[in-house]
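Comments concern the structure below.
Labels run A, B, C and D following the written order; every chain starts at residue 1.
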Amino acid sequence: MEVGLNHFLTVSVALFSLGLYGVVTRKNAVMVLMGVELILNSANINFVAFSRFGNFGIDGQLYALFVIILAAAEAAIALAIVLNIYKTFVNVNIDEINNLKE
Amino acid sequence: MGLYDIIFYLFAIITIASAVVVVNSKNIVHAAFSMLLTFFGVSGIYVLLGADFLAVVQIMVYVGGILILLLFGVMLTNKIVSVDIRSGSIQVIPAIIALGAFAAILFSIMTSTNWKSESFEIPTTTSVELGNLLMSQYVLIFELLAILLLVAMIGAASIARRDKE
Amino acid sequence: MNGFPILSLITFLPIIGMIIILFMPGKMGKEIKILSLVITFIQIILAVILLGNFNYNAGGIYEASSFQFLEKFRWIELTGLSWIGTIKVDYFLGVDGISVPLILLTAIVSFIAVISSWTITKSVKGFFALFLLLDTGMMGVFVSLDFFLFYIFWELMLLPMYFLIGIWGGPRKEYAAIKFFIYTLFGSVFMLLVMIALYFSASETLADGSSVFTFNLLTLMNPGNYTADGILSPLNPNNYRFIAYIALFVGFAIKIPMFTFHTWLPDAHVEAPTPISVILAGVLLKMGTYGILRISFPIFPEVTQDLAYYIALFGVINIVYGALVALAQKDFKKLIAYSSVSHMGYVLLGMASMSTTGITGAIFQMFNHGTITAMLFLIVGVVYDRAHTREINAFGGLANKMPMYTGFVTVAFFAAIGLPSLSGFISEALVFIGAFGVDEIRVLTIIATSGILLGAAYMLWTLQRIFFGEFNMKWDSVLHDLTFREYAMLIPLTIIIIFLGIYPSAMLDVMNTSVNTLVEFISRNSDIIRLSGM
Amino acid sequence: MSELANINIAILILFLPLVGFTIVLFFGKRFSKVYLIEVAIITLAFILSLVLGYSKLTTYINQDLLFSFTWINFGNVPNIGPLHIDLGIKIDNLTVIMLFVVNLISMLVHIYSIAYMNGDKRFSRYFAYLGIFTFSMLGIVLTDNILMMYIFWELVGLSSYLLIGFWYEKKSASDAGKKAFLTNRIGDIGMFIVILILFTNYHSFSFDYIYSQISNGVLPFGSEAWLTAAGILVFMGAVGKSAQFPLHVWLPDAMEGPTPVSALIHAATMVAAGVYLVARIFVMLTADAMLVIALVGAVTSLFAATIALTQNDIKKVLAYSTVSQLGYMVMALGVGAYSFAFFHLVTHAFFKACLFLGSGSVIHAMHHEQDIRQMGGLKKKMPVTYYSFLIATLAISGIPLTSGFLSKDGLLAGTLAFGELTGHWLIPIMGFLVAFLTAFYMFRLVILTFHGKPRNKEKYDHTHESPFVMVLPLIVLSTLSIFFWYTPNPVSPQDGWFIGKWVQTPHTVVPESARFEFMKTDHVEEHGETAEPETPVVHSHMYEHAMHWAHYPAMILSILLGGLGILLSFLMYQWKKISADKLAEKVKALYNGSLNKWYVDEFYHSTFISGTLGLGKSLSWFDKWIVDGIVNGTATLTRLFSRISGLFDTYIVDGFVNATAFVSGFIGLNFKKLQTGKVQTYIVLVIFSILIIFFIIGPF
């Protein structure tokens, strides 16, 4: 079987699920961020793959580029928040930070 | 099975395997480093898809920027002195069930959909084309993103800044 | 007034105010208050302009052409969503005789509530921003003719309410706020379900001949628009319509609040700050009954007819039960809260009669309850501000210490009792007249008349315990008669109550044509549905 | 004067007191003399009612003047057609007489109050209340429909509430006001239900329209039973307002109000409104309804008279006597003696107002001492009060040459005829017994108050005759208690203008089958050839005969019984031939019963009032612990689930635990547990929800 669109999408699916799994299960906030990065990467693969196999021109790559930029911004802000959380609660285990409750 | 296919499978395995390590590793530093591999894998896949410029950006930004940032995060929020930079997991079973089913559904949708996939010539380089687009059709978004990055930088600095008292 | 979007203006004006307030520094407390006052006052002016240009002879209810001040354009349009098809949501506003009185009420009560909020000192900016958001939500519910839009406004009003009770409330504010929120959300879930089910049951034919699903209430009212296999189609020989009706009714009944769903009300009222109690009793409760009239009745006319007896039954339970429980209360505010439960029972009873007199009485009762109960809560607020207690037995003999205050209290109490020449009497009498004319609920109506007596009993007893007898010297230093601000809140309401008691036609004429249309529409359409279905 | 002018005058009379009320209420505090405006306005209203009365009773004596307008218009109502609610006024002979009575007494009470209430801290407020009372009372009198009647009925209740509780610092006063309002409301519910019945059937509130429909055979819900029920229910309103048994309890307590108020509201006008109401609906009363009314009236009058025998508070005696006399009037309406009932209403209004104002004069002089055991010998000190009081007492006792004799005699003759015709002899027996008791206790009052020696020397020494403004009304009212105002012949009221010309029994409209035998249209045979059977007949010839027969026996019997009562009273209290104390000792049980008003209040308190309060308390408990308990229980239960899941989390295998937690979280979705505060749990839930949606409505 020749490698085609579905193969790339499969990688993307796997990466997305793993990323979400990381977001859901990890206790450490930094780890959760890593999960998010994985999800973003999976999305990027989709963009590029469709740009390659669909008749959409090169715009898909451009969007992937934008996503990368946003990911950088997001990582910066998120880490700043994590640092703040650390300052307040002395740990970054989000399952213990449940002030949202009541 | 041509060379192209072999290279694809190689990169795919690297990407997924390292991602599995990322989400399961107890040691955060290990996770961060295996993420490096993931990013490389993805970058390779980009190359296979003919997105050369993107592949380079991927490595530069992710590996050079984001990953370093994450590592700093790890170090700043864990006591470096104790070697035990470990982190546990919660609700593993439901997550596995949920995401397994989820992945299965995504996969089945993917396979059952009749994509109008057409293969095109792999362009030799995309940089020129991307550059043109960025400066014409997407110039507004480009500028906005620049501002966004600036704002994010200032914002991150202001949030993370220590209070005077 | 052609083309001038007065309804959008009256609805979104508070949001504009909110945005301005958010940009103002928190220190400018006084300016924020004045801005809110101006905004709500402009709202009153707009409402009066609306009333002035309102055509009393247009029925509304089911045909877009006889609605007034219509505003309609496509708001959300998503095409090609595989199995869902096309989602189209209209931004569809319009008023008829049923909504105009309530718009007027909302404008007036909001204005009064802003005056009453003058004493707020804790985080003024946040309070008024949320307050104005709440105002938009309330107004939106009364002007929207699209179910989706209606639902959005309905939910929009929930959030600020939660914070207004939860932050500015009394000692048990968190409990009360959560209870209010969960309860109402519980009801909204049912409403959402029915809304979606309705969406997939009826379709609208466009100009180009294609048909799309719709949230348009007027389209949903016409049995001809339902597709044969729609879940809630009248042609469908199952009783899903029945279930949907009950689910929708529960959603509305919680807001009214109907007996068994009413326990959030006393808690919310007791904990909420005075202006919020005023809004809660003055406007929010009306949204439940308005929803029933606007949505449940015309869309499910045949189920309404089948269940009218039970609606009346719950109405009567509300009347009698609320009054009896009020009789046993020791907390002034809780007593008023239960009297609200009792008075909203009249609205239910009037609607259940499905006669012109009954429904007219019900709508008029909504308006009157809005003004009278608002006044009662303001009255509680006045004494609570000074003495910081609401224990009825802690007072006594205030009549000599605060004579003007006592005068207003007497007017408000007698209006609540239903004394002729004050507005409450007209609406209660019309409700009774309407309900008595229906054979099935005649006995219930006779039982409900005991509410007249019980209402007088708890009100007069309270009047006596607080205002008559010996003055408790403990309060000598804190209690003083009304201030200018308090006059400004109480006098307009008093004037409205007396004016509408003597000349009720001022309000009744507004709703008359619409009510007749509604009554006629229900009986005609339920026949059509009964013939077509089953 | 044209009809329109008459109607305009009537409207002016109605609204003048309201204007007075408004002016005094708003300016009373600032200008202390504002009350004079109110007095002037009432005087003007009185003069106008004289003018109107003259015009009506001469020019329009057999014609009713009507005026109405649409108050609420419902437009073209589905299934019914055009529907509107009209209000209006109707001026007939009854109306103008009542206008005269109300305005006269109101004016006198206003004048009297200037001195009596002098120095009260809410002096002008008092006059404002009198104004609104007069307004509401005039509304009742003028209305042509039952809705407006009800509206003013309630307003009268309000002003009564305000005036009884005028001295609200006293708990007993505010209690009494509340009691009066609530007791009246019980009766009003009955009246309100009738409003509902009538409007449902006739879509109109107008008396005339409804009566014409009934006489055309359109009965409420098509049955005579409903017509009877309607009659009895309207009468419930009268039972409340006119303090008939079993709702009489409020009136004696209402004596907590200022005495002029008692004279105006609780003796002469408002309490008579109940009688006026029954007179208004008289034509639609069926035989059964009339019998009920007659019995209630008779029982009330006897019951109240027995209580009045032993009371020691001067106002309480008068209050029970009022209840008793109102019972008389109601009884008279029940037995069909319509014109005499109304006649008695008018005469009673004058002499009872005189009695109350006289007692007020005494109380004023004695510095608010109301106990007759502290009085005595006041005759010398207060001669004008004494003689006017005496004339009124003679009138109420039914002694010849007084107005009371005329009305009471006719009324008793009516009961006698009724007994003769229907066999209900109990009613006349009770009626005559009351005549005896009335004479006895009224003279007991006079003797204890004015005759003999002063029993409280200290207070006696300070008493003096009341000022002129208080004495003047007494003189006017006592003059009005003498026969020549009503008839030139002191033994036969039928020869006079009041009964002879002004007040005629109206034609009943109920179907023949629901009437008393004596009210049926006479058959042709009885009339002879010249009779016109189509003409509606008020009473058959049978009744005329019986009435004629009863006239002299009733007169002689009532004079005898009245004289006997007076004699007994003198024997016991003036000449002390019979010791009252010893008699009381002998029939101790009866004496205590009477003294304690037969324990009706206590009975009500221990049953209805505490029953309702108890029900309220238990429902409140139910509300707090059961209804709300279920709500909170659900929340607690979900929290419990989460707590349990938390325990599992700690002690049992990791994965299994998480599944359980997830399940409990899913249950908690409905209520409360959703707020674990863990974002990650939410995400898992979201994913599961998406999955479920996929499985339910997805393409699979």
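Definition applied: contacts are C-beta pairs under 8 Å (C-beta built on N, C-alpha and C of every residue); 3 or more make two chains touch, one makes a residue touch a chain.
Bear in mind that the values here come from a model prediction, so they are computed numbers and not experimental data.
The chain pair B-D and the chain pair A-B differ in C-beta contact count, and the higher one is A-B.
Inter-chain centre distance (subunit B to subunit C, centres taken as mean C-alpha positions): 52 Å. Each chain gets one centre point, the mean of its Cα atoms, and the points for subunit B and subunit D are 89 Å apart.
In this assembly, the C-alpha centroid of subunit A lies 6 Å from the C-alpha centroid of subunit B. Note: centroid distance subunit A to subunit D, computed from Cα atoms, is 82 Å.
Shared interface positions of subunit D, defined as residues touching 2 or more other chains, are 680, 684, 687, 699.
Multi-chain contact residues of subunit A (touching two or more other chains): 20, 24-25, 95, 102.
Chain contacts: subunit C has residues 178 touching two or more partner chains. Chain pairs recorded as touching, per the definition above, are A-B, A-D, B-D, C-D.
Those residues of subunit B whose C-beta lies close enough to touch subunit A in the complex are 2, 4-5, 8-9, 12, 15-16, 19-20, 22-23, 28, 31-32, 35, 38-39, 42, 45-46, 49-51, 53-54, 57-58, 61-62, 65-66, 69-70, 72-74, 76-77, 87-92, 95-96, 98-100, 102-103, 106-107, 110-111, 115-120, 122-123, 126, 129-130, 133-134, 138, 141, 145, 148-149, 152-153, 155-157, 159-160, 162. Chain contact summary for the complex, subunit B toward subunit D: residues 90-95, 98-99, 101-102, 105, 108-109, 112.
Across the complex, subunit C meets subunit D through its residues 82-83, 178-179, 182-183, 186, 260, 262-264, 321, 324-329, 355-357, 360, 397, 399-400, 414, 419-421, 425-426, 429, 432-433, 436-437, 445-446, 449-450, 452-454, 456-457, 460-461, 464, 467-470, 504-505, 508-509, 512-513, 516, 519-520, 523.
On subunit A, the positions that touch subunit D within their shared complex are 20, 23-25, 32, 94-95, 98-102.
Residue ranges of subunit A in contact with subunit B, taken from their complex: 2-11, 13-22, 24-31, 33-35, 37-38, 41, 44-45, 48-49, 51-55, 58-59, 61-62, 64-66, 68-77, 79-84, 86-87, 91-93, 95.
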